[in-house]
């Protein structure tokens, strides 16, 4: 039962207005082929969850520049000035979330947790509108889980069952996002035979993955 | 800077009455050499955090049988009848915790979270004394982090910096416990040179590990 | 046919191709022997892997690869290992399609008691509470009575494993579905009458208008 | 000596052998060039690894290995890669001995503002809020003033990164430690007087009785 499909087939599931998680840190570990495919396909009004919007010509930055994003949750938008411009112009509704909190919220979404308590953001604007809970005399913010309709992830080696192995710093948000969306599409830098990734070294189990698309190397 | 030490040296840090996390599932992935060393050394009144007490002659079971445990948090004690006997006799104070909750509580302890919200245990005795928090109309229990003075873990391959790779089902609670204790001692099935474990396949980073002890193969 | 085999055979038919399934210890483990042809399920073992295979041949056991009962097992090609936090993330996060578990008691609200008998047996809940809350479907595979006494009750008397999470009960006498209105008898074993099964069931059984013979 | 080099050299002396350190983008990155001999620190990069090495030679960049600024970097033997949840678990969990960060403003309560200027610059906090809350020591490495205006204030006017988490402030003029009683000037640069430094510091500076010359 191979999960390998053509790009167009995998992206059939992405519709206007959907919530889409896209992995990568400054474009590293971002599925560029899937992002390009989204732009080509013409979907719009997306709610994107990602850690940063990279640069205007790179990764998630391309979706920003091409006006496909209506709402955005990210931890950092400073390297892509277009994001800030569109935010100031009221074209994109941006919520900034501390990077560690973002990772935990996505993980919580995938792991069935109702939320997590973090000390990060206490005493800052991040706490606005959130419940504060004191444990052992220390204050924490209750941060709620995040889920998505679609997650677009990228693996360095992916087998036909969707088992993923990541190289270097490409891992970042990929493993968590793979657990937190209804449909998970992985772009494979390299597609390998089942069993080629040592079962001890698989990072994202194929059970999380719906479709595998061959990306650029 | 090698972290490899003799068994006796590593166990110097374990004192009577300490809170000790010990990894393993039914003894698989349990550092048997370290457990035997604890018994040999004669420490007592330990507060043990583990997922099960294995069997009387195996893993953590040996500490139970040898009367070294005063307090115990575990998810399952049924395979070691001695644990139940000592619990009923009032010799060991046992708290039973759902296995998934135990994993998250230890992870939270290591990751600086103030707690996590889980639906597990709602409507059961597990909820007794715990705060209930409703998120999106669904009830969750607030479960608090666990930390320890010492964690005893086991790796299949360990390098001199303490980087650990686990084989098969030995991984279980090892990675979380490695993050949640003041002193972490890892028993190595095999000690390897630094760099022999691919940096992409290291599961527990050496930064969590204080001492490495050679165990039985 | 052995009672336990009958139950296991019937439960096996509840599984669909590609399902991710967690089998409890004991009778539920037998279910994997009766999966219908053409159906391939992926077995999750909560101690830390996906892709569980058959028991190893004698002499070929790997002490590092055991199932959730601690018994030597194998993994299939394409398997993957992970830690207990990931494993229960899979379970709690709804990534397991079905869990098959035994029970001490089930009641007409779909409540389950399976982990302790106060003063007698306190093994602990292990992973059962997470499994029952997290899996998309909870199928109870158990003998209809314990020493002749009903296990399907109006209200569980033993400490609960979870509230209202049971989706289907399969016993040697029939197949029962907890619904908002109560327990519905969906299938009945060939050698059993409705009166027989109600006689050993404390809870009231509503009879499905399309009551079928138990499909084993 | 360049102002930034002076700051980086002084900060480097705060680090001890074996420390796990996270360096912010910009001047903090320079600190790794001045670590004293005999001291080996382990650099954490919050985008997902431990054991960061030097920048690669031109032509030897690996596009999969970049630092938290997105620039090509290398890893040392014994490094390990992990995901962002693990990375911030390391940070939030107190496993990082020191983080070295720049700042827009610091105040006498040890509050830090470093991530936005409303209406002007809203880059986002990235990993800074977690780092400042989680690291055992927070060392601010920054120029003493911005366009001649004080950055060390009685009270930060910009949105905070964290409350009361700053442990040490190193500028080209001196070394200042936030304490419960306020800011204590511990060291002063050779070419600077106490009056000079107070003149460009809005907050009141208490002078350490053992005030030393800044050790660079």
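The first chain written gets the first letter, and so on, giving A, B, C and D; residue counts start at 1 in each chain.
Simple rule for what comes next: a residue touches a chain if its C-beta (ideal position, glycine included) is under 8 Å from a C-beta of that chain, and two chains touch if they have at least 3 such contacts.
Since the model is a prediction, treat every value here as computed from it, not as a measurement.
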* With one step meaning two chains touch, work out the least steps from chain C to chain D. => 2
* Among all other chains, pick the one whose mean CA position is farthest from the mean CA position of chain B. => D
* State the pair with the higher C-beta contact count; candidates are A-D and A-C. => A-D
* Compute the distance, rounded to whole Å, between the mean C-alpha positions of chain B and chain C. => 29
* Structure fact -> Taking each chain's centre as the mean of its CA atoms, chain A sits from chain C at a distance in Å of 35
* To do: Round to the nearest whole Å and give the separation of the Cα centres of chain A and chain B.
  => 32
* Could you say which residues in chain C touch two or more other chains, in rising order? -> 49, 75, 81-82, 85, 88-89, 91-92, 133-134
* **Set of chain B residues in contact with two or more other chains** => 104, 107, 111-113, 118-119, 166-168, 200
* Among the chains present, which pairs are found to touch? -> A-B, A-C, A-D, B-C, B-D
* To do: Could you pull out which chain D residues touch chain A in their complex?
  => 45-49, 62-66, 68-70, 75, 81-85, 87-89, 91-92, 111, 121-130, 133-134, 159-164
* To do: Enumerate the contact residues on chain D facing chain B in the complex.
  => 18, 20, 40, 42, 44, 49-51, 75, 77-82, 85, 88-95, 133-134
* To do: In the complex, go through chain B and note every residue touching chain A.
  => 104, 108, 111-119, 131, 133, 135-136, 138, 140, 142, 144, 165-168, 198, 200-201
* To do: In the complex, go through chain A and note every residue touching chain C.
  => 1, 107, 109-113, 159, 161, 163, 179, 194-195, 199-200, 202, 205-208
* Structure fact -> In their shared complex, chain D is touched by residues of chain A numbered 25-29, 51-52, 54, 74-79, 84, 87, 96, 98-104, 106-107, 118-126, 156, 166-176, 203
